[in-house]
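As structure tokens, here come the structures.
First subunit A sits with subunit B, and in the next complex the same chain sits with subunit C.
Take a look at the complex of A and B:
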């Protein structure tokens, strides 16, 4: 604690007030969307004349939203699996390897995080136009994987660096094969890192907008692309309903993760 | 002993090959090809860069990009620093609550957050109506499709990226220093100005640079909340390529954006190295 109780006087209250406003600023859009999605006004009058669930009904009645949701889910799962496999193996090479140019390779793996996404999106757009990959599932997977792999390299790398290699040596001395050691010793120990890699990869794909806009076709639109296109047309309350569901989903995810952390903490 | 241990140290990058191959084909090759088009499309030469820098509208986009990034950086530091400070001061339970709210906003879909601001900031939106109700203004303010809208929306998105690193910096400052200052009779403001601020300056620099770099290349939020008169580089790139099919010019703008990003990122890394020392 930097300022302790009894200290501070007026300045302290200024600080409290400021932070309260900042928190309100953070919460305002999230709460507002939820209320908006329950309002009856198509023109987004607020406070709404009455409360209704009709935007959720409209959402459920339009199969295009369900298609987009399903596409986004499948895509994020594919990307997560590939990202953890590719990125995890790369992290292995980076932490265990004793070859030249390791630092350079590390920088190479995080470079997709540094290059502005819009450049990656345009580059992929021109590239996939030539290869005919635009509007294909493979094209989406490749595009999202570029964004996701750096997360896996970093997360798995972090837990591998904290891993005590003597454990593997002990397993080897006890006669375990390399595969057995990997499966029964290394992977269980670095499981939290793998989990983090999976979550970040999933979210990277799930919330990716820019690459997806350029990869999408009228038939193949992820959830963010569908939101983007309808946002550009009008500010329909249906988007508020989708947004509210997305907020609820991420709250649920956070709750689950929080419970997992609390369960692990006492040990 | 040698066989067991040595067999587990790799001497080559073999497990990394699939990832390397993937990134080379799907990332390096397309981006490289795009950047090359800045000097080859429609013919060899620097004509695209000349056009970009000499034309008034394009030069204004460049200027505007840096202006928005700088304003957003400043705004998120001003909003975020006190918040980070408070989080460090509070008891653990409250700390966790504030962090949870911060993370929740960060994990909420980017488009959902931008949509919320788009609706909130309309002429007939809640914020304008509230201000008019309170008698602060009598005409609705133009809060969206202009610089104000972009700055509000982007500051909102960047806030967690300022607060989280600043919280780490602030919590690593020895509280004894502040106690010592207080015992010597310094006022809170004096403590902040002469102890806390100087000590957290490296953290402020690092967080600020990071936000600046991220803001430079931002596309979605400026495209939705901004107006035509304050376009940013990212939107210029997509527009020249998609609407005008002028790949050479778009690629030249991409080269400038990438160069600025990499340069500032290098400065950021130097800064971090020094902060760690």
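Take a look at the complex of A and C:
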């Protein structure tokens, strides 16, 4: 093996350097944005002439940002709950069911991940215009669910495939009803998969911008939409401040996910 | 309750999957408190039969009665059966106590009673100090003992065990076999046990049902199966056996004269081959063959053989010998100071078999 300990000599350092460059490539833009959000330059000059928190203050002082944040949060939570319920139920059917067209149906459930988002957005736009859902909260939820449900189908499906069905037989013979078995055995055992489904669904909605732009109205603008529109009007360091907060929130969620995976691993 | 009602009564049970008959007409009665084993190779229908009793599979036709009451169509939770599975099926997210308490808590028993009964059940399998552990922190043998405690804690009328020791090594198997035997004696629970290991079946069971192709070939005690096999399959499956070819030569009343592949003649009661004509198979156990350099007295059939392989095992010497007809027999002879005879490889000898020790089966 190339990476066997004590071998490889110089080549190891080449690999280390390569890894460091790859990480820098991925992380530097984020670090850059975070630094800019703390700089005093209105024109995003780098390096910042002075350090300041005024962009964060401006952000906190503008109620439109708070409205958007609140909307994005409510939306992401609704989408998370519905995505785990719908996607989880679909995953049960796709994993446990023995019916014709099961594979086709599974491909169908995962297809929003493959179809370009903009196509989904346009289709959804014209469809929801007919239903009068544009610019409504329900329209947003429906649109984001399309993006989020595949994550739930995949996460819960993977957990269910690893789940030993004999556990349910054991619970049944012990006297547990279907519902008791589901509540006390199946769901707790696949809980890490449900958690992963919830986190990915939350992030899918939280970061979603394409569908949201089509769905948005002047009154209902999610955080990414608000960022997009204000970016088009003027380039203000407030955007950098918002971005930094979004990145921090995402990192927090990924950290939770990582901890969950670590907790599951020793088994 | 009336003790004459069988704990389990299977009547002409069938299970078909498409064209394949997994269980093909099984009828059986299990007495209360009996330890009965389903013995057979994989695909013989033993596990499918067990699953139908548990309620995981519904029979295509036939009847299952527990204590005289039909359970066909009744879901598993309402059958009041305990079961131990081949794989460890402990709930990984619960402690040992949580696992054993599970059957009681789904029955919504009072907390104090649950605590008391869980403690007793864990004491029964000698794991009372392990209550707070997770299943993943236990060895395979300990996990299977927890599974046993969980299956017994609600005092089911019947305990099913589906190759519960299959995943354990030999030493642990014997330890838990003993533990299960003791529990059976102490609790008097009816046990249906599935295994493909004939030694395990012989060691543990009151009676054994030998399964083959979805049918029961024979039900009986270990001695019955070994000394009075009903079919050639049972004769070959339980214990070591030799099969010789033969042909029905002549019938005289209740006696049948059979010509063996060499030139020897064997006369046996017609019994199981009352209607057979032509080819038959004769089974004789290795320890029932006497090997001697000289032809013995007339009460035995003597077949001239050549000594092939010889293995000295201390108290026993085993031989592989070849008949004039080219058939190989294994012979197992006791060895002691009083009986020190050992035959050399390559010598001519006589394999002597008493007619009453032969089991004759018609060739299907």
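Quick note on the criterion: the second predicted complex is superposed on the first by the 235 of 267 C-alpha atoms of A that agree within 3 Å, B and C clash if a C-alpha of one lies under 4 Å from a C-alpha of the other, contacts with A are read in each partner's own complex, and residues count from 1 in each chain.
Basically, contacts are C-beta pairs under 8 Å (C-beta built on N, C-alpha and C of every residue); 3 or more make two chains touch, one makes a residue touch a chain.
Keep in mind that this is a model prediction, so the values were computed, not measured.
> Figure out whether A:51 sits in contact with subunit B (first) or subunit C (second), or with both, or with neither.
In the superposition, A:51 touches no partner, neither subunit B nor subunit C.
> On subunit A, which partner touches more residues: subunit B or subunit C?
Here the partner covering more residues of subunit A is B.
> Regarding the shared-chain residue A:189, is it in contact with subunit B (first), subunit C (second), both, or neither?
Touch partner of A:189: subunit C, not subunit B.
> So in the superposed three-chain picture, is A:90 touching just subunit B, just subunit C, both, or none of them (first/second/both/neither)?
Only subunit B; A:90 stays clear of subunit C.
> When the two structures are overlaid on chain A, which partner does A:258 contact: first (subunit B), second (subunit C), both, or neither?
Only subunit B; A:258 stays clear of subunit C.
> With both complexes overlaid on chain A, does A:70 touch subunit B (first), subunit C (second), both or neither?
Neither partner.
> Could you tell me if A:180 is touching subunit B, subunit C, both of them or neither one (first, second, both, neither)?
Second partner only, subunit C.
> Quick check on the superposed pair: does A:18 touch subunit B, subunit C, both, or neither? Answer first, second, both or neither.
A:18 contacts subunit B only, not subunit C.
> Per the contact definition in the header, classify A:169: touching subunit B only (first), subunit C only (second), both, or neither.
In the superposition, A:169 contacts both subunit B and subunit C.
> Which residues would you name on subunit A as touching subunit B in one complex and subunit C in the other?
169, 172-173
> Help me check something: in the complex, which residues belonging to subunit B touch subunit A?
Spelled out, the residues of subunit B in touch with subunit A are 4-5, 7-16, 18-20, 22-23, 26-27, 29-31, 33-34, 37, 79-80, 82-83, 85-86, 88-89, 98, 100-105, 107-120, 122, 124-126, 129, 156, 159, 170, 173, 175, 178-179, 182, 187-189, 191-192, 196, 213, 216-217, 219-220, 224, 234, 237-238, 241, 247, 250, 254, 257-258, 261-262, 265.
> Mind pulling up the subunit A residues that touch subunit C in the complex?
Touching subunit C: residues 164, 166-167, 169-177, 180, 184-185, 188-189, 191, 267 of subunit A.
> For the complex, which residues does subunit A have touching subunit B?
Contact set of subunit A toward subunit B: 1-4, 7-9, 11-12, 15-16, 18-19, 22-23, 25-30, 32-33, 36, 44-46, 85-87, 89-90, 92-94, 96-99, 102, 105, 108-109, 111-112, 114-127, 142-143, 145-146, 149, 153, 165, 168-169, 172-173, 178, 203, 207, 209-210, 214, 224, 227-228, 231, 235, 239-240, 242-243, 246-247, 250-251, 253-254, 258.
> Using the touch rule from the top, collect the residues of subunit C that touch subunit A in their complex.
Residues 54-56, 75-83, 85, 87, 89, 91-93, 102-103, 106-107, 136, 147, 150-151, 154, 160 of subunit C touch subunit A in their complex.
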